[in-house]
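In the two complexes below, chain A is the common chain; its partner is chain B in one and chain C in the other.
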Partner chain A sequence: MSTLTAQEHYLSSFSQLEAKLPGQDAAWLKSLRLQALEQFKQAGFPTDKLESWKYTNLSLNLLKEFFTFEVPASTTVVAAQLKKNGFDTDKAHLVVFVNGKFSKELSSLKPLEKGMTVQNLASVLSNETVKAFIGKIALSQNKAFTALNTAFFTDGLFVQLEAGKVLDAPVHAVYVSTNGSQTTQSHLRNLLVLANDSKVNVIEHYWGENVSAYLTNVVTEVAMATGSTLDHLKIGQEDIKGYHIGSLIAQQEEGSYFASRLFSVGGALTRNDIETTLGKKKAECVLEGLYLAKEGQHVDTRTFIDHLSPNCNSTEVFKGVIDDQAVGVFDGRILVRENAQKTDARQSNKNLLLTKEAKIYSKPQFQIYADDVKCSHGSATGQIDEEALFYLQSRGISRDEAKKVLVYAFAGEMVEKVESGYLKPGLKKLVDSWMEVS
Partner chain B sequence: MLIIKGLKARVEDKQILNGIDLTINPGEVHAIMGPNGSGKSTLAHVLSGRPGYEITGGEVTLDGKDLLSLSPEDRARAGVFLAFQYPVEIPGVNNTYFLKAALNAIRKSKGEEELDAIDFLELVKAKLKPLKMDELMLQRAVNEGFSGGEKKKNEILQMAVLEPKLGILDETDSGLDIDALKVVADGVNALRGKNRSFLVVTHYQRLLDYIVPDQVHVLAGGKIIKTGGKELALELEEKGYGWLTGEKVKA
Partner chain C sequence: MTPKTQEPSVEKVTSEEYKYGFVTDIEADSAPPGLNEDIIRFISHKKKEPQFLLEWRLKAYRQWLKMKTPEWAYVQYPPIDYQDIIYYSAPKAGPKSLDEVDPEILKTFEKLGVPMEERAMLAGVAVDAVFDSVSVGTTFKKKLGEMGVIFCSFSEAVHEHPELIEQYLGSVVPYNDNFYAALNSAVFTDGSFCYIPKGVRCPMELSTYFRINAAKTGQFERTLLIADEDAYVSYLEGCTAPMRDENQLHAAVVELVALKGAEIKYSTVQNWYPGDKDGKGGIYNFVTKRGACRGDSSKISWTQVETGSAITWKYPSCILQGDNSVGEFYSVAVVNNMQQADTGTKMIHLGKNTKSTIVSKGISAGKGQNTYRGLVRIQPAAENAHNYTQCDSLLMGDKCGAHTVPYIEVKNNTAKVGHEASTSKIGEDQIFYCQQRGLSKEDAVNLIVNGFCKEVFRKLPMEFAVEAQKLLSVSLEGSVG
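Here is the complex of A and B:
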């Protein structure tokens, strides 16, 4: 084992696992997996020599672990815990995965009208839509974790809406990781396909209850046809043993509206890539996020908005609170191509550092090749306002409590921006409980 | 009630208070006047526990309790309230939430039951009226975008809700027009009582027309150089501080 590299571990595991992966009767998928494995072999794991991984060095931690693939069966309570945490799951389509596998018992899928599908991906691999989109939006070339995901994915969420369909109740997918003395990993693949003028609200919620280190590697592909609307929210609540690598990649057609909101509080190391291509005119995206990190946590968020067509809008607001010796990274790239006239792109990244040791690397990047555009960006990093702290203390509020009030005043804006009544109480609790134990 | 003995304090290398002696009995209103840089605001800050000052001598007790060893929040809980000269804007913190958190922190420290949202709102609405404050101010972020007058009224509202033993007004008149000044002064006067004392720090005599003090102290060079009744303020208005300090300083 000691002479094996992490890359070799994955390559050698594939031949043993291949026959057990879902989609054995889908020849297209078998060849896609093999192709991805080859791409992973070519690319290798990213090093900090790569610009996009400059501040996140995996060789120090993640690549030292040889996570096992075969996870013993395990049970956990999901719906009750979600309710305790503020999510009234009776009002949602709950889709639960435990250690990379769909759990029918823990899920509660409500009947849907014709033209809407909410399923686990492994059960629909013969579906032509799946074949048409998997691996077409999130490309594996030069992307080690996407390639690994394509080669190894076991399951994930599949949502498909036909033209004009509106799914009112949110789809709440929960991905639980739970292990014992052995390290574990799961590769999850989600696919969301929205036909013309359809509309849905999807929540990806990752959480862990683990004894040993584990990796969650997730890829979500989103195809949005003309006039479709997706409200997407991702909650990263991995436990402190967890490594989370996630990509959310969207393709937007004319007049589509994509909102992506990220709330990341957990994990020893978290990396989120969020990308969208505004492929046709009048498409719009809103990317928002809040990352909270403390102790030795490392949280890296990278966004990329590709303004390919004219008259598209993008609004991006990310905030971070970094405590103790934690490290945060925000890398927000916006590309406005030559053809993308009348683009309106705004980006903002604000960070609050709670200690002298806490670090943030904030890197906004605009590349503009069109001349008739409105673009603005701002990045600001600061500490807690001592004046405000004293003001609160002078009214009888303890210093610790006053700090929490001020942190929430900063971070809570991202919770307040979420309009969904289903999500708000849970998100508020998420932020509150982060502050309680910090 | 408040006893200050030989209080000395400095900021970095600069000695500002050079031995202040002052006793305020329950129910009394004392005014501190003095030229710029005399240490008036420093005295108010030091009493409230603002960071950045080093106490180099003396002691301060409130009802026998040593104030100087307490954190700012514990001083507030012991009954000290500082109305800021420049109230701090706190975006993202709702005014009602802030007031309720403050009141409940103080009640809790006294072993009293915390107020729930309904009882609290009833209480705070009753306190708003005499200050001619709009209820909408409660929904706004603390002091954010408030006018000068609104900010000072908000300070007095906080004082009315928290009911301190000692109210310290740090140049509360600064930046107020005459109408707002009257409202603020009325608010303070309504809070006067036999168990509540005030220390009114002001540069001008004008405020003292409305909040009539029992005693007036003149501070210069970090020391109290003269003490008198309310007439002293009028005399100062007329003659300027130079009359007492021997320097050519105009009020």
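Here is the complex of A and C:
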């Protein structure tokens, strides 16, 4: 079974689906979709021969299985579940998507003051801003999944803030996959546009309650104007049968501050690409993440920070806990271009292996073309410290309990770093429940 | 922000002429340029090689034809026309002793500051000098022979110890390992061979001086070094080359085998012609170096100081097969002007309690591009493996680049793997401090750079350490930034 068959399936599906995709009256979008389809045709699905997919082997047979594009949404009580999981959704703008489509009944959008928009993308495709940014930040060239997303996306989150607007309550977008016995796929596109000095906190929350395999392919584009601030948090809580491919691509202007935090616990295979371009001086980014994997899970995180301009700072901390036969991949690349003098870039990747079969591949990279810079990275991989375990045991704590304490001490740091009171209880629960089950 | 303006005195770039650039005029017995099976047969016939070697060469050649030039390294150069290279060139008369060596060649060595007899006497170093592709003289051979140490040219070893060659050749770097190794396997003309018998501690540091001479002759060395059980050897490799306009290809292969309890220390000072200020000329150095710690408790240590070559593509590696075996890699790589270096190491942990240490110091000046590329792989069976990696880069000037590409693959949770890397500019405050103590700016930079590299220099044998420091200051002269 070759790549072609999976690829062909997508190509032929397009002509059938085209008429049903949103944005029928937007000619620009139609041609963008066609162009992306062509780019997908050229790129083909990535194989492990590609450096950026070296450690993640997509099972192409599986890709073919995600044949069904449209699955009716069964009802699910999102808000109640979130509450149970520690997120007090009353305090947030809740935007819910089920199987790739916006669900008005499940969402609770609060009224917003003028100059702020929180919507589903499909309903605003005639908006000029959307036209100006979609496909301009996340380029489809040589990126099969981004191209697929551009061609097939059905919906997603749209947030726009005009100059100086500050949205205090977080925007909590939940993407539910629920498919019963059908294999399914959804392509989601999010667009966040922040004008000068605006500020917002956005949560992308992916979650699956499935009995069959499914694919979530998401692309988030972020445009940040001068002085804007975005606190972005992504929770990957896909079902154990879910495949998640996600790209978060940001473009930062002068003095903007972009924080991206990733908490990935679910999914059979999870791939996250996080990229930001520090395009103008004094822009800053903080990329943090925690990936927890067990059983046969495969979690691949790839980051790329492009220091294009002088006086920009970037801080990157990623931690992983790998249990059972799971595999973790971290590939962090930092590029400091000739013009980017006075760059301060720090990167750290730490991994904890809990079993003999667990594997980790870490690839922290630097490409530096400017001289007046401070760059450092560190990567460390190890197991739970026997002496620390022994110490806790000598204090009357069972070995299992002691292990949990130490794993939490390691992983919990990433939760502690999150300042938002809205998120903390939920994230704590997330990490705790991961440890309970393992 | 506007780019930082620098003092003019700081900006001046070295115009230091390459000290060792001259061509020795001796008649070479060359094959016509080009590569095909006949050329390989010609080389093999010329060297009166046994059948197995010819077959091995042909196998490698056929494999090479199917391979593609590796393109993943951060280096750029025009495509090489492999049909335009002379694959065999040897001084006509084969010398039997030092007296018979072409006086021209001996003069060359003198110009290089390597008077063989003197050096041999004073330093107690046996020199197996490779001039172009054939060894011209070997000293101290007798003394080594008494201890059972075999140290000779590769061709000699092929005739005198074919069984060792057959057993070990290609056992660490197989003929199909990579593009350049395959090419080397097909066309290598000479090199060094060394065998240290069981329990012998080699009494002196073994040294080979490589030198590229006849114009347009790609040099394809093959070095095979075997340390039998509990043996110890320290091997030095150093090189200089004449000034040239045309790019010269050098694709060497070095194989080390350390059996149970053996230790090999392999040190290199590489100072080939780096090309002129505009990047014209200079050597392409595409080398495959690998050592196998076959036996338990064996140790292989690579130390390199890379200051020359237009392009360096080299990853001295250790395969830690034996339990408790140790691999080390200490490197200083300097690039100036248009030089490009993509170098690093691979540490493959297979055995239990294996340990590896990587210390890499990269210095970039001018428009040089310096990349550390390394792999640390802990295989599932490698219980309690340990790795420590440190990569530091120093940048001098705003046109140069320093890149770090480490691959870390851990498949056993008992492993402890740590990687640290930092990149920074040479400290203005440090230079200032030295200057106000009366040092010139140049001297201040030398002092700081030497301090930066100290960890690696300390690992070099004494005479090399001195040479390395000198080389470094020559390579960086005037490029303070």
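Everything below uses one rule, namely that the second predicted complex is superposed on the first by the 429 of 438 C-alpha atoms of A that agree within 3 Å, B and C clash if a C-alpha of one lies under 4 Å from a C-alpha of the other, contacts with A are read in each partner's own complex, and residues count from 1 in each chain.
Assume a residue touches a chain if its C-beta (ideal position, glycine included) is under 8 Å from a C-beta of that chain, and two chains touch if they have at least 3 such contacts.
Just so it is clear, the model here is predicted, and its values are computed rather than measured.
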| item | value |
| --- | --- |
| Fit-or-clash call for chain B and chain C when the two complexes are aligned on chain A | fit |
| Partner chain in contact with A:132 - chain B first, chain C second, else both or neither | neither |
| Chain C versus chain B, contacts on chain A by residue | C |
| Which superposed partner A:50 touches (first chain B, second chain C, both, neither) | neither |
| Touching partner for A:387 - first (chain B), second (chain C), both, neither | first |
| Contacts of A:371 with chain B and chain C, given as first, second, both or neither | second |
| Least C-alpha distance (whole Å) that remains between chain C and chain B when both complexes are overlaid | 15 |
| Chain A residues touching chain B - in the complex, by the definition given at the top | 385-388, 390-399, 401-402, 405-406, 408-410, 412-413 |
| Chain C-facing residues of chain A, complex | 51, 281, 310-311, 338-339, 341-342, 351, 353-383 |
| Chain A contact footprint on chain C (complex, rising order) | 1, 3-4, 72, 74, 380, 393, 395-425, 481 |
| Contact set on chain B toward chain A in their complex | 48-51, 71-73, 75-77, 81-82, 84, 87-88, 90-93, 98, 101-103, 105-106, 109, 141, 158, 162 |
